[in-house]
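Okay, handing you the structure first.
Letters are used for the chains, namely A, B and C, taken in the order the chains are written, and counting of residues starts over at 1 for each.
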Amino acid sequence: MSLQELWLLLPVLIICVGVLTLMLQAAWQRNNVLAQGLTVLTLTLALGALIRQYPTDMRTITLLFEHEPIGGFFSLLLLMVAISVALLQGPYMGKNSKEVAEEFYILLLLSCLGSILLVMSRHVASVILSIELMSLSMLAMLAYNRERKLALEGAMKYLLLSGAATSLLLLGFALLYATSGQLLLTQMLSSPMQLVAKSGFVLVVAGLAFKLSLVPLHFWTPDVYQGAPVNSTLLLTSLSKAAVFALFIKLILLIPPEFEADMVRMLSWMAIASMLLGNWLALQQRSLKRLMAYSAIAHMGYVLVAGVIAMGIDHSLVLEGASYYLLAYLVASILIFAVLTLLSKLDEQQDLDDLPQLQGLFWQHPWLASVMTLAFLSLAGMPITIGFIGKFYLLTLAVKLSAWWLVTAMLVGSAVGLYYYLRVIFTLFAPLQRDIQQTSGAYLSKMWIGVITAGLLLLGILPGLLGDELRRILAIG
Amino acid sequence: MEQALVELWPILLYFAFTLVLLGGVMLVSTILGPRTRGHSTHLPYESGILPLGNARVKFANHFFLYAIFFVIFDLETLFLFAWAISFEQVGVTGFIEALVFILILLIALVYLWRIGALNIRKRHLPEQN
Amino acid sequence: MVALSWLIWLPLLCGALAWTVEKRFQGAGNWITLSGLIGMLLLVLYLGSLGESTLSWDWFARFNIHFALWFDGLALLMVVLTIGLAILALAVSWRDITLHQGFFHFNLMFSIAGIIGVFLAADLFLFFLFWEVMLLPMTALILIWGNENRRYAAIKFFIFTQASSLLMLVAIIALALEHQTQTGQLSFSLSALANLSLDSVLEWWLMLGFFIAFAVKLPMVPLHSWLPDAHTQAPTAGSVLLAGILLKTGAYGLIRIVLPLFPDASMQFAPIAVTLGVLSIIYGALMAYSQTDFKRLVAYSSISHMGFVLLALFSWREVAFQGAILTIVAHGISSAALFSMAGIIQHRIHSRELGDMGGMWANAPKMATVTLIFVMAGIGMPGLANFNGELLTLLGSYQTFPTHTIVAALGIIWSAVYGLHLFQRAFQGPMNTDISDLHGREVVYTSLLILALFYFGLQPHILLELSADTLNNLLEIAKEHRP
């Protein structure tokens, strides 16, 4: 490893140093505010370092990692998510929480580290290591309030099922290795694929589909989402999905042509099933977190459409579309969970989660409710929000490929989706029933939410700001 | 199908073998296992003193924690061993890397020590209820 | 011309301003909104005097999307109608709205901005954007200030219009991609897309995608079921906007997009469309007759009247086109007028049931006279605006679809039946309720409405001159494509 490679790894190294510093701080003197400040500082520094040396072409860093634009863009998204979570944890926890504060931030940094390494991976070993680093630290965060029964139950489910998924992933890689004799992802998939290798690849896809909670591997999602403290749910629904999707699309683009037809068929069905089932099951949910879980399933179905199309036509528009859509999804998820976080407390048995509890939020806290409304409209794909542009990209792709089945499923899914998103929005605007407490103060967190909301509107109204540049940012074509 | 069978037979064989092995072990142990049907078979001791109180005693997970610490720190010295035998080849870079590694281990140790994970608790058993 | 875009920014600014100021000064929102609307009226008349104008800014270069507006005679007509009815909507709700007034004005002005955007857009992407954006504040109007069953009505309204517009979105994208395959560049511009020569199967499907979206808005049987609920449950201002303008965006879309872009397919489709139009006329009239709710009755009569527009547009005749334009304007005014009457009555007796009314002439002669004139306009009495529209529609479409036209003429008879039925149940017969007569503000705006109805009834040529360019363009296309 040369010094130059180390230099490219700077964002990752900064996060590592941040973790160690936080550990020392916890050992020296516990202090919530200091820990939060250190975390935000670390993440901001990492963000700065990443922007400073934003990759314009692909460079390998040792055998295990690579520094390239797509990974760079996704790392930006991941850092944005991590900063949101770090900023929200302070108000969510309050000053005198029963739980310790520092460990949450350590875990947050660790899982952020894992996710960034995952999008930089080019080798089986680094994939497995980073995916586990990300998932395991997330696991502890899912049960961060040890007194919540549902949280423990959810974390246990996640532990067992995610273990099973990882073993699928490992078995898949093992079969691929057995036939190709290679461990680098590019070489592993470039050799001609026999049936064994194909089944190995299918297993890998299944392992990743579990993390993305695509149908039929979605069963864990609602329970885990509902049980976990809302801030950890945010991390689960954004960080792990974005990172795994980046890897997923990288793998999809590597598939040899003779295998494409089969994969298109399999992934199309998964996408269609996810879109329809996710939206359908979300219809009757009262719990917002469960609703968001099903909505996440549906949205992962939408981005999978991009993955399917990636095999069909020119890659540049697909990558742009997938990136834009994922950005839109992340922004909306962050905002929704951020509002919920500001309305809940970690120490309580339950988060504010039941839909009727939110009734009339607009009349009491107009700003929070407006943010949430915009976020839900964005998820529903209404114009002037970023979600619409994302949907527009995907529909353009699907129409271009004449994938009418996918288009139909997208349309039906969106139409069904409208109903339950609207139901939530209508609840926010219903007459006020009871007092809803929001965390007072927390100006920094609220400012951050404001910035993200502004981004949601700005990129929806002026899509060209990012859309015209995306080609250059992702350095494609 | 024919071709699939040709290509996949080692895996199928592997699965079949696993199934047969697992099934076989369970089957054999039910058949061959010693079985007595005395009236006190299900007591902890067939002779001697009857147990007092609840048999489900929970051990504090503190013990497991020690075991895990041991495994972790012990395993990590393995890496140092690998470095030690190739000391000449890896040179100064390797030395710095090993230093960083040891530093991280030290910080982890300090952390564990300060949060009290290494203290031996006076009371290992949780409260009886 | 930059001033053109101010037709969209001005209502947005006013709405936001009204919301913020209303928090400080009670009642200021009304005046801000009113002055904003009058300012817009002056602006649009000034722009109209300058003649046709366009505007195009780069917006989303990756997909070659422009922020392009296009202002011609027809757009002038529709925008003036919109602003006029917006002032009416503001006037009827001047004191009606007691809850969250600031937010009410915000929503009112945002939906106005969206509707004006739809009328001005010259880029299909922009058109779609406004098409969807105008729905949100409208849904909020129904949801927050509506009547007893508002939640259901708002959801139904939103889902119907949204789901159908998704089809339009796919059609728009497919059209732009077709432009790319033919010329090598994506384009969403209406004028560029009009030059495409489409394969007949593709044209058919694309036409259908647009048609369904517009037919839901129009509304056309069997896609109408949102309308009675939404109109009935909406607050008076909402009903005025819905019936007066929102339904017209559907007709406007047919004139601007479906007919010129897909002439062959829409000529093929004409028999079906016309049949559905006639079905709407008859069905709407029959349903209107069987209603006991004032607003619901007017809502069904809207379905019936908009059936005439559908019949006229798909006949592809000059006279029929002119009839469509006249019907659009006349129905905009007369249905808005009837809904505001319903609002006035509901405000006084807290009921929309015809059974609770009756004999109101005795107490409220002015109200009765005004309502009678509005009802007469609705049933197409000569001298009032609606008559010209229906007459020209029937004359024009008789050349192409004689049987349909004869059946549609029966619809006019039915409209007289339900119209007089409405008037008779509410204002004649035994006195059921004590009601106060129209007061100053109401007299002013109802008499303005009566004036407009008479004016356009006696001087229809103004409307025809304004829309002449658009209609001539359509007729030229028709000449080229007629088999």
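Everything below uses one rule, namely that a contact is a pair of C-beta atoms (placed from the backbone, for glycine too) under 8 Å apart; a residue touches a chain by one contact, two chains touch by 3 or more.
As the structure is a prediction and not an experimental result, all values here were calculated from the model.
K.L.:
Chain by chain, through touching neighbours only, how many steps does the shortest route from chain B to chain C take?
P.N.:
So the least number of steps between the two chains is 2.
K.L.:
Between A-C and A-B, which chain pair is linked by the larger number of C-beta contacts?
P.N.:
Looking at A-C and A-B side by side, A-C shows more C-beta contacts.
K.L.:
Could you please state the distance in Å, as a whole number, between where the Cα atoms of chain B are centred and where those of chain C are centred?
P.N.:
Here chain B and chain C have centroids separated by 73 Å.
K.L.:
How far is the middle of chain A from the middle of chain C, if each middle is the mean of its Cα atoms, in Å?
P.N.:
About 43 Å separates the centre of chain A from that of chain C.
K.L.:
Could you state the distance in Å from the CA-based centre of chain A to that of chain B?
P.N.:
Comparing mean C-alpha positions, chain B is 32 Å from chain A.
K.L.:
Note the residues in chain B that touch 2 or more other chains, in rising order.
P.N.:
Residues of chain B never touch two or more of the other chains.
K.L.:
Taking the touch rule as given, give the residues of chain A at its contact with chain B in the complex, in rising order.
P.N.:
Residue positions touching the partner: 1, 20, 23-24, 26-28, 175, 194-196, 199.
K.L.:
Enumerate the contact residues on chain A facing chain C in the complex.
P.N.:
So the residues of chain A touching chain C come out as 320, 363, 377, 382-384, 388, 392, 395-396, 399-400, 407, 411, 414-415, 418-419, 422-423, 426, 429-430, 462-464, 467-468, 470-471.
K.L.:
Using the touch rule from the top, collect the residues of chain C that touch chain A in their complex.
P.N.:
58-63, 100, 128-129, 132-133, 136, 140, 143-144, 151, 154-155, 158-159, 162-163, 166-167, 169-170, 173-174, 176-177
K.L.:
Which residues, counting only chain B, touch chain A once they are in their complex?
P.N.:
Listed in rising order, the residues of chain B that touch chain A are 3-4, 7-8, 11, 93, 104, 107-108, 110-111, 113-115.
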